[in-house]
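Chains: A, B, C, D and E, in written order; residue numbering restarts at 1 for each.
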Amino acid sequence: MLVGIVYIRFLNAGGFLSETDYKSDVHIITEKVKSEEPLLIEGFPGIGLVGNIASQQIIEELDMEYIGSIESRYFPPIAVLYEGVINMPVRIYENPDLNLIMVVSDIPINPSVSYDVSKALVDWAQSVNVKEIISIAGIATASEEPLVFGAATTEEMLERIKEKVEIFQMGTISGISGSIMAECFMRKLPAISLLGATQTQNPDPRAAAAVIKILNDLFDYSIDTESLIEQAEKIEVEMQKLAEDVRTTEQPSSTRKEFPMYG
Amino acid sequence: MLVGIVYIRFLNAGGFLSETDYKSDVHIITEKVKSEEPLLIEGFPGIGLVGNIASQQIIEELDMEYIGSIESRYFPPIAVLYEGVINMPVRIYENPDLNLIMVVSDIPINPSVSYDVSKALVDWAQSVNVKEIISIAGIATASEEPLVFGAATTEEMLERIKEKVEIFQMGTISGISGSIMAECFMRKLPAISLLGATQTQNPDPRAAAAVIKILNDLFDYSIDTESLIEQAEKIEVEMQKLAEDVRTTEQPSSTRKEFPMYG
Amino acid sequence: MLVGIVYIRFLNAGGFLSETDYKSDVHIITEKVKSEEPLLIEGFPGIGLVGNIASQQIIEELDMEYIGSIESRYFPPIAVLYEGVINMPVRIYENPDLNLIMVVSDIPINPSVSYDVSKALVDWAQSVNVKEIISIAGIATASEEPLVFGAATTEEMLERIKEKVEIFQMGTISGISGSIMAECFMRKLPAISLLGATQTQNPDPRAAAAVIKILNDLFDYSIDTESLIEQAEKIEVEMQKLAEDVRTTEQPSSTRKEFPMYG
Amino acid sequence: MLVGIVYIRFLNAGGFLSETDYKSDVHIITEKVKSEEPLLIEGFPGIGLVGNIASQQIIEELDMEYIGSIESRYFPPIAVLYEGVINMPVRIYENPDLNLIMVVSDIPINPSVSYDVSKALVDWAQSVNVKEIISIAGIATASEEPLVFGAATTEEMLERIKEKVEIFQMGTISGISGSIMAECFMRKLPAISLLGATQTQNPDPRAAAAVIKILNDLFDYSIDTESLIEQAEKIEVEMQKLAEDVRTTEQPSSTRKEFPMYG
Amino acid sequence: MLVGIVYIRFLNAGGFLSETDYKSDVHIITEKVKSEEPLLIEGFPGIGLVGNIASQQIIEELDMEYIGSIESRYFPPIAVLYEGVINMPVRIYENPDLNLIMVVSDIPINPSVSYDVSKALVDWAQSVNVKEIISIAGIATASEEPLVFGAATTEEMLERIKEKVEIFQMGTISGISGSIMAECFMRKLPAISLLGATQTQNPDPRAAAAVIKILNDLFDYSIDTESLIEQAEKIEVEMQKLAEDVRTTEQPSSTRKEFPMYG
């Protein structure tokens, strides 16, 4: 059962809702998490939309259940739709059998808000005993190979991915993904960054598929990537429309048809 | 009887006034609502001005009574006039016999304020036991047919409109209408979005009429749409003037003559 | 006697000072008002500077006494001068024999501040038992006739001006004048808006004279308008200089000679 | 002895430090003032830099002692240097034998901050029993004569300068100097504005000398103005460099060599 | 052991963590400092990147240990990487044997934030009993000689560098380095500013080497500068890439490969 902010003040005593407020401006509202010491994977839209394409595929393939959302006055005013039913643009899913939580976003997070959103997200993650965080994002490269670059907050975590990915030797990760990694580093919460190499600003399901293969390898998942590759052509067209729409959400009260990532 | 903010602090004990403050910056001040578990319909100006044209027609045709307004430091400094009498740009009306509350706005809500306004509106709606919310807005389409698209916060609500409207399969609703739907979804307050298809940025009373026909069907109203169609030509001219005026309200202390939506 | 903010905290108990703070950012500081249930007339500079030209003429012709000022961090940093003596740009005057209070401003109020200023002004007006407010402003028209348009917050107030002015049938009043009228409407404080028709952005003492004639008629004043018409030519030149100066007050610490409205 | 903000909280009880916070964002931190009912003269950089050129000359010629500074998050991040030693850009000096306090600034005060700075300064002035304030600034004129214009907050103060300066008949004083005069007027703290006429935006030590002559006359000082005139040529070159530097302080962490006003 | 903000609230009692919050928006989080009355040297990127090139060289050559970081919502959202391991962009290192603390930043500090960052840094420095601060930055000169300019907050400190550097006779130090010096001056915390002369906006390891030679002389360090000169060519290329990246961190969630300063 999902209950809004207004009620939480009274119902929190019952204990079946978890909520984390950061500076009263980023709110994470979910049903009670059932997983124990879960893995949390997050994917926000960045270059190539690698983060949210991969996350959406994982959510669908692992039959994950919607358990809540992140909302903020800092986010653009937007409701997303799937088959006529309203949902939130930043959503949280869970599969308790897999001890897995996913956070997926249809909207990019403005850099000026990344600090607050990452603090709120990691606060919440710690409050539900998340033991590790995987951040999925894209990275621009000149190479045409479907490489995945990796980085980690500790040597131990780095050891786990060393043989499976290209180690990101030196550089910076900026935006919400960088904020989350920095926040995990500061709190000593183990975290891995998986960056799918992409050559374009356009949606890149092939880069998302490359990241998912690494996850399958790391966690013994069997998430299908074939369908992702097959649908690549179709999704590329649709995602481009989403990107255009997101870019125009500053316009008041306009309404558009599109094909967003959804689960 | 309507009493301002300053007095409310002292008179609230009497209980005949309801007020909801959100972050002290959006204020909803009304007389005591008489309806029980009312339906609330809202229409803010967006594309085609479908929301406020439809709402204004409903208010007039159903003989609804003015009960209060929404005011905020975030709104442009503006008083609206009808036959020489001042009123507020965002108004609330009620018909207790129909258990119906209408919220209509003459001013567009800036996206940066949508979050606060929608929270304040849904807070207030819950405080007066609103059981369902209908959000009227426009949607841009290429088709010339007077279609109405629909979406809902729950499968049950979707069921009620399934046979009467085009289901909005996938996409986003942005602006104040999107914020209100997202807020209702989060709080599990049943809500329906009715989006009148329009082809232009100009006022579109025909799209408003199409939405009203759906409402007549859903709630057994007999709201006239003929007069709306007949007046379409005339109103189109007048609304265009309003739209121009609203665009220029940033100018300090200028005063203009126009023909706004009013009840 | 006039005492500043710092002292008020200690002297307020004595009761001879009235002060109204709105959100700590707009301050109205005056000597004790002697009038009982006074009329309050306000004139801020807008189109044609009708509001402050008319107000300044009333203050001079009715021998009104300076009793205080409105100050705010939101106002431009400016001191006005008359014959070598410093005064505030937004001033309050009183004539207790006439039960009349005037508020006159030499500076335009930024739309983003209108909300706070009008709330502070109407709060203060109610605190000194003002029974009615008249707002003087300009309105752009194509007609060359010296028309005065009128609007009111109630039917009763409208009745009083119906035969004397052109009723403002439909439209909007924006800026500080619109904010004050909306605020009065919300609080059910009777208020009338008198809008002198003007054709130009330049100072228009003839429009101010037309408004004063209506006030003479409404309240049995005998305020001279001949001198205003005679001085029209001269004042037009001077006011234009003020307008230019006000436009340039954003420059730090520049100082200019001019001929402002003053009493 | 001078002690920073952090310590003041603990040491204030000792009473040898005076501090005035305005809205926590403007801080005046000084050693204990020894003068009794002192005169306070202030000079901020404005047109012709008349205010700080004159103030710096007075500080040097009257052997005034540095007693503290004004600091604020609103000021540009800057340290000033003289012969290798760091100091603050807005400084306070005292000569207890003359019962005189000087406030001199090397940085212009942004108009949006003038309100807070003038309130903080006049608060502090009252806290150390300042009996009169003289504000030195420049005024743009077309005349080539070295005129000094004067204005005052009361008729009594005006009387004292009437025969010595050109009375500023009508106009406005904007910027920090205008804010301080308005603040003094509101609090009935006697104050005089001395405005040295200047024809250019460039540093004008001759205008500063003209103002100092008035001060010599008013207070029986014997401040040298010859050296100021002699150095005029040299200082003009150096001040221009300062003006250019101040204009470019928005650049992060750049460092420049220059010749600032200093004592 | 390093523990994040969330835990500190509970663990602070244990006393092994020091944290200084300034206005809740700049946070310094470190392990317990072991040095007694240490020297603190800071280097932020400014002209020629002299500050962070020199600081990074010192950290590496003196085998300093990472003990924590400065983080703020005001900083760009960024995580830095070295050999695949995440770290913070503003870092603090210690060598307890040398009683030395270093603060190095890979990101420039926006002037609007310099005030808060310098207050937080000096607060923290005082909380760990820092006895002296050295600020390293660049200074633009026309000369091709590898000069180092110096300034100090007191005559005593100036005496120590007088024979070793060019005394900065007159001028201003702006940006974070100027803020820190002004803050130290106000608090009477002894501080020296060492400004490596540079001719270009490009990274200038030779200017950094010149500053390090002064430090070697002042504190009997034997920090290698040869390797710095040798690597000059290579580092110039790499630093230019960092500078370009930092300039583009406003872009949401983009990720890049680069070669940042790191230890």
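Rule of thumb we're sticking to: a residue touches a chain if its C-beta (ideal position, glycine included) is under 8 Å from a C-beta of that chain, and two chains touch if they have at least 3 such contacts.
According to UniProt, the chain labels map to these proteins: A, B, C, D, E = Proteasome assembly chaperone family protein.
Note that the coordinates shown come from a computational prediction; the quantities given were computed from them, not determined experimentally.
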Required minimum of steps from subunit C to subunit E, each step between chains that touch: 2
Size of the rotation, in steps of 5 degrees, that lays the CA trace of subunit D over subunit E: 70
Inter-centroid spacing, subunit D versus subunit C (mean Cα positions, whole Å): 34
Rounded Å distance between subunit B and subunit D, as computed from the means of their C-alpha atoms: 56
Shared interface positions of subunit B, touching two or more other chains: none
Contact graph of the chains (line, ring, star, complete, other): ring
Residue ranges of subunit B touching subunit A (in the complex, touch as defined): 44-47, 51, 108-111, 114-116, 118, 123, 126, 137-141, 150-155, 158, 162, 167-179, 181-189, 191, 193, 195
Subunit C-touching residues of subunit B, taken from the complex the two chains share: 2-7, 29, 69, 71-73, 75-89, 106, 245, 249-260, 262
